[in-house]
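Below, chain A partners chain B and then partners chain C, in two separate complexes.
And now, the complex of A and B:
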């Protein structure tokens, strides 16, 4: 049997907007993935620690407060330091167009803004996950 | 449901017969040749909507008892006898970003362009009671609102603004008492009497646990703090609304209109009960309770929601023993629904906002925020914020909808839907009651689950094209998004951190520590904390320092991660 893709849906920082994160968590679960949701107010350390503990293939970061440049990068930097290069990182939230190339450069492989079809996220993960 | 004595039974039976005939001979015949677009027509709360509404759909309603006249019980048609013929709603744009200096400039700009009230958006550290230099504030300075860490910042935020004339609403919850104290202290220092300042603190912690999630303390001490503000408010700052019981965030988190209505009013009743249990008299504090609703896409459903809210609130407050009109009538602010805005083709958001704002006006709102077209992308630019304000001004000055009170009153559909929403709300009240009340239901994750369920359903409907969003799943365009995006002063954070450093160095720290210690002792006991908080604030305690005292006494709340 093929192993299920394991995803960590995480909310870094103080942002409390969790509607999107919860919807994506459910959509990924309904698509047959194993989903762990961190809940709110996570530091980069907490997220990476959970990713290691849960042995996930994917981390989905959600942020609507505008602090994504700082907080997403904190996570990708720490992942590199810990040698977790094989974890696929994606992000979502209120993210201006101009920030997307910069995020991709630091390792956030896919960025999904408002209006994204849940299936697009599922497809992206399936295509890009390293297992 | 019986027939109200307002209707002639014979005439009504005749009408029902005629309607059946029409349905059979005209409507169905037509549909058999020209099918309707859908099999089921449902509103956003998944209520089935009929092809037509006629007097028999509202024949159980008694005009005087269930609908009535504006300005008298049950206030369904409006809280004032004249409504907008007398005075327009307050145009109050939620706004705040970066440092106090930048936001102060934006406030002056908005006032210059005809805004009639202020509304402060705070950044995340402020919402959680952390100073800008706290480690958890990293990356968040000024992003979602303005950073206010002390009285000093509050002084700058309102410098040159006549706070004895303009009212200010502040979206602050966990640390509401402290931020309110900043505002009061600033007025006092400017020589303005507390009787002469007016405004609102959101101060609604129940919906934080339910939806918005910027909580600090556990429910019990949070509720105590809120009742403290009620009591201090009616005694010392009589023009202040000490709470804005909010459905807005419940809706933004994904609830339906019915859930928004039911959960918000349920929270409202809960606050009243806690205050009464403390020995406060209902007619002393209830006149200062205010509400805050969302204006979403389903135009008539939203209008019915506001009308239903007024009826339920007056009924419930009467049951609890309120006598004064001001206690019985529900005053509310409305904001158009941020979650309906699209990042795609952002200009078309102006049209969405117009419709949503119109529903709030037709629903009798006291105050209104219209969203800017660029909010699915970033903080509003100056131009986008101005267009949003102009949208309200067009409704107010050009559309003619303000000429009469509750212009949709008497519409068979609107009256039926209003009553239906009342009925659905009471069903939720019963469910919550069975779970042991609002706080036990929060602790069991009831509201959170209900909202997550509705949010997921809504998204699925959009994904599966059962529901349309123009520009997202219909009429898409592949074009680069060209909209100017607000740039913030890059020096803002540094300036703010330096200000905090200087403040900590230059204030009288022994006096400050005495005041912080007095607050701690009071928090351990059961005195009203407002005077103690004001003592700290006047000696320039920061938001973080004051909250830390309370965190140590009260503990912190963490929520279960439910999805």
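And now, the complex of A and C:
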């Protein structure tokens, strides 16, 4: 039977801006995905535990505070520790160009900055989802 | 891979989560695991929470869970949100009010989209209750979608049903006499710091006075302010009272039997619909019948006879 793509959209750390995350969440819903939204101020532990319980295929992290290197890495590191190697991790927000290769190296497979078309995110997920 | 059913019985989070996904997708692997775990179920107490949109169901569940955790009980939460009939997608946002619970290993939260079910539940909800139960949860909280009047399926699954209302619904309580105003084991008027609480309680009580004539139990009406943790211990006490009442009057066994009946009907419905509309051999036949109906070459009743005749032969 039909298998739906499940996505966790999360805002790690101290960042109160979730307009972008909500717009992406909505776009993914409109693309037929089931989107679990966590709200603001999540720790890496909360995000990873939620990803386990909700059995998501994708985690989308959004951050505008500048702490993406540390916070995104906390999440990918913990995912690895817990053995969740089949979860696709993507990121968005205010992320300088020079940080993107570093993020990819630590397991953030796609990075989407301001001006990204929601369709591009949907396509990226459909092409790269692992399970 | 070690048997997924065995790992669910051990309480392994990833196996629980995986089996729920398989059950939602209607896989045959799920069916065989569900067969294995059934004998280990029946211990968890199931509380259904329903009510209008924005009445504070998620916040109440958060506070109830914290109280149950203080008592050392393990809690499973099923949070249901609507699936879009157009895209098939869903935005599952009930967790936002429960995120503190995410890192408590005595709590497991799963969000479900309704995926075409209309009664306020999700099709896989029976499976998830069984899975949580088998994995050792003591309490299972089922949050329905925000309901209007007729989404009453929660009573098929819950031992105790809570209907959550808020002040200011006013005359609309009168108009919803049928449906959700008939299913409560406990009424809750949440957000009781708003004006109009007395009126809301009075209106509900006047409904209860009429409906409880000749019955052995009068449905209690509680006021809570979930955000300020007010009224939660009283609510837990009323839930315990109702549980004792069910046990004492033997209604408990009847409720459970009704749940299994509903579950059986749902399994058969799902398999039958899947067989008729998704199996490739049958699908073409069905599509051509629908075309004929559209062109007025055939009527829907004759088409139904033809389809059912093929299955029943």
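As a working rule, the second predicted complex is superposed on the first by the 130 of 131 C-alpha atoms of A that agree within 3 Å, B and C clash if a C-alpha of one lies under 4 Å from a C-alpha of the other, contacts with A are read in each partner's own complex, and residues count from 1 in each chain.
Methods note: a contact is a pair of C-beta atoms (placed from the backbone, for glycine too) under 8 Å apart; a residue touches a chain by one contact, two chains touch by 3 or more.
Here the structure is a predicted model, which means the values were calculated and not measured.
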item: Chain B versus chain C, judged by how many residues of chain A each one touches; value: B
item: Touching partner for A:39 - first (chain B), second (chain C), both, neither; value: both
item: Contacts of A:4 with chain B and chain C, given as first, second, both or neither; value: second
item: Touched partner set for A:77, first chain B, second chain C, both or neither; value: neither
item: Partner chain in contact with A:67 - chain B first, chain C second, else both or neither; value: first
item: Which superposed partner A:28 touches (first chain B, second chain C, both, neither); value: second
item: Which of chain B and chain C A:18 touches, first, second, both or neither; value: first
item: Which superposed partner A:113 touches (first chain B, second chain C, both, neither); value: first
item: Touching partner for A:50 - first (chain B), second (chain C), both, neither; value: second
item: Residues of chain A that lie at the interface with chain B and also at the interface with chain C; value: 25-26, 37-39, 43
item: Residues of chain A defined as touching chain C within the complex; value: 1-4, 6, 25-26, 28-39, 42-43, 45-46, 49-50, 52-55
item: Chain A-touching residues of chain C, taken from the complex the two chains share; value: 13-14, 16-18, 20-21, 24-27, 83-84, 87-93, 95-97, 99, 102-103, 108-111, 113, 274, 278
item: Parts of chain B lying in touch with chain A, wherever the complex brings them together; value: 124-125, 127-128, 130, 136-140, 143-144, 208, 212-214, 252-254, 339, 341-344, 376-379, 452, 455-456, 459-460, 463, 469, 471-473, 480-481, 485, 558-563
item: Touching residues on chain A, where the partner in the complex is chain B; value: 9, 13-19, 21-23, 25-27, 37-41, 43, 65-67, 69-71, 74, 94, 96-98, 113-115, 117-119
